[in-house]
Each structure stands twice: as C-alpha cells, then as structure tokens.
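These notes concern the structure reproduced below.
We call the chains A, B and C, going by the order they appear; numbering starts again at 1 in every chain.
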Amino acid sequence: MEVELFFQQIVNGLVLGSVYSLVALGITLIYGIMQLPNFAHGHLYMLGAYLTLFMMTMYGFHYWPAILVSVAVLVLIGMLLERLVFRPLHNAPHINSMIAAVGVMLFIEALARKMWGSDYHRLDSPYEDAISLFGLTITQQRLIIIIAAIVLMIGLNLFLKRTVIGSTIEAMAQNREGAFLVGINANKVSLLTFGIASGLAAAAASLAAPINLVYPSMGAMVNLKAFVIIVLGGMGSIPGAVLGGYILGLAESISGTYINSEYKDLAAFVILVLILTLKPTGLFAKEAR
Amino acid sequence: MKKNPVHNRVSKLAVPVLTLIAAAIPLLTSNTYYLDIFIKVFIWTIAVSGMNIIAGYTGQLSLAHAGFFGIGAYALGLLMTKAEMPFLPSLAIAVVLTGLVGSVVGVISLRLKGHYFAIFSLCVGVIILLIIEKWESLTEGVRGLLGIPIPKIGSLEFATISAQYYLILFFLILTLLVNRRVIHSLVGRTFLSIRNSEELAEALGINVMQSKILAFVYSTVLAGLAGALYAGYIRFLGPDIANVEHTFDMLLYLLVGGISTLWGPLVGTALVTVLMQWLQSWQEYRMIIFGPILVILVMFLPYGIIGAFVRRKMKRQWEQEMQENSIERPGMRDQRLAGGELDA
Amino acid sequence: MLKAERLTKRFGGNTAVNAVDFTINQGEITAIIGPNGAGKTTFFHLISGFHRPTSGRLLLEGKDVTKKPPYHMAKIGVARTFQTTKLFAEAAVIDNLMIGHRLRTRSGFWDAVIRTRRYRTEEEKCREKALQVLEFVGASDLANRPVASIPQEAQKRVAIALALSTDPKLVLLDEPAAGINADETNGLADLIKKMKQAGLTVCIIEHKMQMIMNLADRIMVLNQGTKIAEGAPEEISRNESVIEAYLGGAHHAQAR
C-alpha cells in the first residue's frame, strides 16, 4: 500500500513536472532570445486551454484537432505580441518591457473573463478511463500528458539542433553578438521564438486542462512556478527548464502528500528563496566577475 | 533634478496650497461616496510613493509591494483586535515590523540583479499572500479579520468618515514632505545614480547594495503605513489585500502619474481612481483597458504625465539657456570635430 | 603607491592577465600600452576592484587591497574612467559631478530628511567640488547642460572631472584620447600634466604613441596578458620585443 501510494505520487509528480517543464521551456526560450521575463506567459497558457475548450464545445472538434487549432492560434498570437509590443520596446530600459508584459497579462485575463465568464469549466477528453500499469491505477490522461510532453520536448530538441531555423535560435540564445556578426536576423528569430513558446504553453494547458479545470486564473500559479524553475535552472537554459520542471513537480507532489497539502504551493517559492539566498546567480548560471 | 528657481517656487507653494484645498473638502461636502474615494486615493498614494522610491528612483522593480501593504494592514489589525492595543502604538509597531521584514527581504533579494530581482520579489509577494491566507490560527485566513476597532488617539475618536479623512490626509502630507526631502537630497541623487548606472555609481565609491537596501526598506515602510491606515479605515481585512493584483494596480498608477517624480504617485493614483469611478458603468471593461493602457503608456509615455511635463520644461529651459549664451549647437560642433565642412 | 604582485586573471581557459608585476609610483604619470587584446583594460579592472584577481596581490600604499570591491577602491583614492565614456546620461553635468563627491560625505537618510547642519554643509561641499573640478578640466560653461547634449570630447573631459570629484590619489584613465583630433589630444595631454602638477598620480592606457612618449614618466608594455617591457619612454621605444609586438599593427613605437 505504502509503496503503491509512493509510486502514485511519483506519477503525479511527473505529470505536474511535464506541465511545468513545457511552460518553463517557453519562458526560458523567450528570456534567452529576448532578455524578457514574460510575465504574461501564464495567461497565454490559460488562453490555450480556453481555445481548446471553445473548439470542442462550440464547434464539436475532437480533442486532438482542438489542441492543434489552439496551438496554431497561440503561435499566431505570440508572434503578434512580439511584433507589436515587445519588439518596439527592445531598446527601452528593461523595466519597460517587463511592465508591458504585465499589461498584456492583465489584458488577456480580462478578455478571458469577459468572453467566457469567471466560472470553472470542465474540459472532457477522450482519455478519462483509468488503466492499470505495473499494478498502479492511473488515468489515461495522466499518461498522455507525460508522453505528449516528452514527445514535444524531443521534437523541440530536434528542431533546435537539426533544422537551420532551430540552430539559428539556439545560436542566438548562446551568443547574441556573434549571431549578429554572422548576419542572423534577430527580429525573425524573436518572432519565431515567441510563437513557439506560446504554442508550447497552449499545448501544456490543453493537456493539463482535463485534470484541473479551466478558469481565468489557471495560469497564474503555473506561471509563477515556471519562473521559479527557470531562475533556479538558469534563465535561458533549456535543460535547466526541463530538469527544474520535473524536480519541482516531484517535490510538490511528494511534499504535498507527506508534509502538508495546505502549504504545498509554498514549496516552490520557499525553494526559490532558499536557493537564491545561497546562490544569487541561480543554480546553473555562469560566474559574472 | 537641477536646482531651478521656478521649479522650487512652485514646489514650495504646492504643498501648502494643496493641503488647504484638501483640508477644505470635507467642509464642502459630506457625501461619503466622494470622501471614501479621496481616502482611498490618499492611502494608495502613500503606498505608490513607496514603490516610486524603489522602482522609480532606484530602478529596482519590486513586485512584492502589495505583500508589504498586507503585512502592515494585518499587523495593525491583529494588534488592535487580538492584542487589544490602542491605535498609535499599533500603527508604529505595524510600520516598524513591515520595515523589519523589508530589511530581511531586501538583504536577500537585492543581491539579485534586474530581472532576477523582479521575479524574486514577485515570489516573495506570493509567499506573503499565501502565509496570510494559510496561517488561519493567526490571521483568520479567508474568513477574514473582522472588527478592527475605531482608531482612537487619546480621547479623540476617529469615528466619522471626515475624521478618518483628516487622519489619513495628515499621514499623506507627512509622507509627501519626507519624500520631497529625500528625493531632493544627496540620498535621492544617490538612488538616481544607481538607476542610471550601477557600475558607475560603484566606481564613484557608492556602496550600491547599502543604498538599494535603504530604498527598499523605506519603500516597504511606506507600504506598511498605507496598509495599516487602510486597516484602521476599512476595519476588516481579507488576504486578498496582499494580492499581486494590487501591486500591478499601483504600478499603473505610478506609470500614469510619472515614475521618479515627486507628484507622479498622487497624480496617477488620483487620475486613475477617479477615472475608474467615472466609468463605473464600464466596470466590466475596466480590466480590459487597464492592460493595453499600461502597454501604451510604457511605449509612448514612459515618463508619465508629470514626467513628460518635467522633461518638456527642462528641454525648453536648456534651449533658452543656449540661446542666451549663443552657444553653438552640439550638432555643428560635432561636424567640426569630425573634420567635416562647416559654414559658420 | 600602487603595487601589483604577480596579478593574474583567468576567465575559464583564457588567461587575460598573466602574473604581472607592476608598480605605480606616486606623483608620476605611468602609461600602459600594448596591442589590442593585450589585457590592458582587464588590468585596470583588476587594480580598481572591478575584477577579482585569480591570483596575485594588490597593494595600495602598503595595504593589501586585493579583494576589495570597486566602491572601496574609490574610497581609498583610486578613481577611473572607462573605455566607453561612462556618465549618468539622464542628468546634467553638475549633477553627475555632485554624485562623484558623495563618497566623501557621511550624511545618511535622517540627515537628509531633517536637513541637519552636517547635511547642508555637505551638499554645499559637493556642489563646490563639482564646480571646482569642472573648472580644472576647463568645462565650466557646461555645468547645467544635460550630459546627452554635449559633444564627445567634452564628455570625455567631464568623465575625467567625474573621476577627480572623488578626491582621488590615483587616477586611471582608459584610452582618454580615443576618437578625438590632434588639437584635443594636445589639450588632453596638458590636462594630464596639470593633474600631475596638482599632486595626482596618473596611470593611462593609450594607443596614441606620440602623446604617451611626451607625457609618461614610465611605461609598461603588455602583450597577450604578459608584461614584456617596462621603463622610461626612450628605453621602450628602442626595445626589440616591443617593436616586434607591434609589428603588423597600426602603430610603431618610434617617437616622432
């Protein structure tokens, strides 16, 4: 029994971690390329879930096609945001882009509330059933989340390493000046990155929605935790985002069960405070002086 | 920032004149709806001016501000209800306590630069909110802390809304006067230099960390003061007052009014609050326009209303000075430096 | 006055400054020259607290200051300018210079709020100092101008004034003559001589050989992080390894 409960928590941790990682990946990509902490990311996540729900309830789409549409739309929205809001602010003091991100965040939340109300919605997926795996009972959806997340991450990795556009993005994240010298078009890269990041968020939200409900502030906590993750894993570091996401997911799941479920949300932030107190440059950052 | 006779004259008159006007208002109207709006504007201005010091003048975007507002509010509330302490001591302790927490947070967080600091402060704000919410045995959590007694100083009871108005107005004026002293002093100049270029400030012998902490603690003290006054006015509290949403509200007020200006916080808070009340029927759309307004402000009017005003005045002044001294314009001079043609 | 003992700075696998021994004598004008990438600016960073040495020691007037941060170095009298002119761009010239003197004031928060006598005296002192150093560098008419509006050459002079406003003993100038014409270079050289006459010790990184040869009392030559020569200008100009280091570059060590 004890062992079963433990493994159950591991699975839950992996599920949480998958969602966190996907969101954190988006944020870390945007930060790596544009030096912008995208405070609005959690709301793009939320928008993704709402769009999937919308497609399914309004237009009768099936689960996967709905997700596809949602991701496509979010990619477009992400690119629009980069072009209209963040690119003009690129040379302004950092604080301005951060404030703009806050503004975008407020706007998206208000819009969602206006269009879909503040109630909680259920998103039904075709994977409601539970299955038995290695003696554990888990819902198919949870399994789907983990698998889909891994697929997406592998896909992203292949994209970044094997395609021309992808390696351009990676080059720019690693060495901005060098990238310019070689003639890489920073604007195009930023545009694409924002789009991809938003798409990832939409996917994560749509995958997670059947488990948690869909509501306007569903992105807020996830967003905060994603920031914790990338600060700890190194802002701009892709492996850091993935690793950090899963570590946090597992930590939350385990501490929630074995320590105190009331305070489990605190876990993320307490970890952040502890680590940054001891190592102000984050876990994986390089030395400055 | 330069000493300029016109600016100083206006500034010196502004405070007494505005104080007189503000003091006269409860005498002119007993409409509780209006007075309530004024009081809320006063309270939030105090908090926003604190944010101005750390974000505007010192350039560190602290997103934990609502958290410190909450600490001040709950400190006063708890001291007056559970410890049954009178108003003034509770107020003093609440403010000092907030400052103490602020100093601890500041020492830890200000070692982080730029974005890291903003994110960290955001998390601190959330932690504070969660603690207030979950520590039910102390704060009553989401049930709310009710029944905070009416503030009393000696035998003077601030039972009416007008009385509260004057009490809070007093603290607002005090805050503005202290802020003015701080801003127009070497301390204020030090803050600005840090915002301008931390590296250069260090090279000039300024202990940047120490100054940042000072600015941060002062900003939390003001947030705590505002929170405590709020608690004494509204007389019941819920964890929601420490919500990050309020931090963003305050950011908007600050931006509209003018970041790193003395009057920015007041103008911004007053304008946005009044506007929102006016557009009551648009309450639904309120939040939808908040966001884009922030974005547009930051793109086209980053210095806010007062800021734009100040900059235009400075520019006009400088152009005038140049004409008076018939100094050649730098453009021409540059040409000569570059060895280019010049007909002059 | 300032003594560097086997000062070394490594960044990952790259050794930017390699076990350099160097002494700056009080009252002298010392120059550091070398081809691009020789580690000159890194060396400046090491002796002004901006970089922590990987190994080696730094002594100022006999006291060990190896690990001290920049603001401490400024306080004990090491002031500097930067290769890309650093000024507070959002302020007027005089505001810049008043901040420069802040480190010599002790007024704190309460002094400012209550406007104690100490505060008022110190604010006056900062203002006077600002005007004084402005006059010294010959830029008095620029006092109220926004920094962003004054031409490059004037900005460089203001940057020097800024360093002077900290009441330093040693002033480090990083390529002060970069990007200015011959007349202005001469003006700058005069200014540096004036600083020496006023009792300051100056150390300057420069590429303009003619200026250095006429100005410096002693020269150190760095190449790829290592000191390859040290001595009076005449010795340096005849030094074989120095000439070789510059071969193929845009400079030659012959004074003209």
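Note that in this section a residue touches a chain if its C-beta (ideal position, glycine included) is under 8 Å from a C-beta of that chain, and two chains touch if they have at least 3 such contacts.
Nothing here was measured: the structure is a model prediction, and the numbers come from that model.
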Chain of greatest Cα-centre distance to subunit C: A
Chain closest to the middle [Cα centroid of all protein chains]: B
Centre distance in Å when subunit A and subunit B are each reduced to the mean of their C-alpha atoms: 33
Approximate Å spacing (C-alpha centroids) for the pair subunit B, subunit C: 39
Subunit A and subunit C, separation of their C-alpha mean positions in angstrom: 48
Per-residue multi-chain contacts in subunit A, two or more chains: none
Per-residue overlap in subunit C, given as positions that touch at least 2 other chains: 50
Residues of subunit B that touch subunit A when the two form their complex: 55, 59, 61, 108-109, 111-112, 114-116, 118-120, 122-124, 126-127, 130-131, 134, 248, 251, 255, 284-288, 290-295, 298-299, 302
List of subunit B residues in touch with subunit C within their complex: 1-2, 178, 181-182, 185-190, 192-193, 196-197, 199-208, 214, 218, 314, 318, 321, 325, 327, 330, 333-334, 337, 339
Subunit B-facing residues of subunit A, complex: 31, 35, 37, 39, 85, 88-89, 92-100, 102-111, 113-114, 224, 227-228, 231, 235, 262-263, 265-266, 268-270, 272-273, 276-277, 280, 282
Subunit B-facing residues of subunit C, complex: 48, 50, 69-71, 74-75, 79-80, 82, 86-92, 94-95, 98-100, 102-105, 107-109, 112-115, 119, 122-123, 126, 141, 144-146, 149-153, 162, 166, 180-181, 184
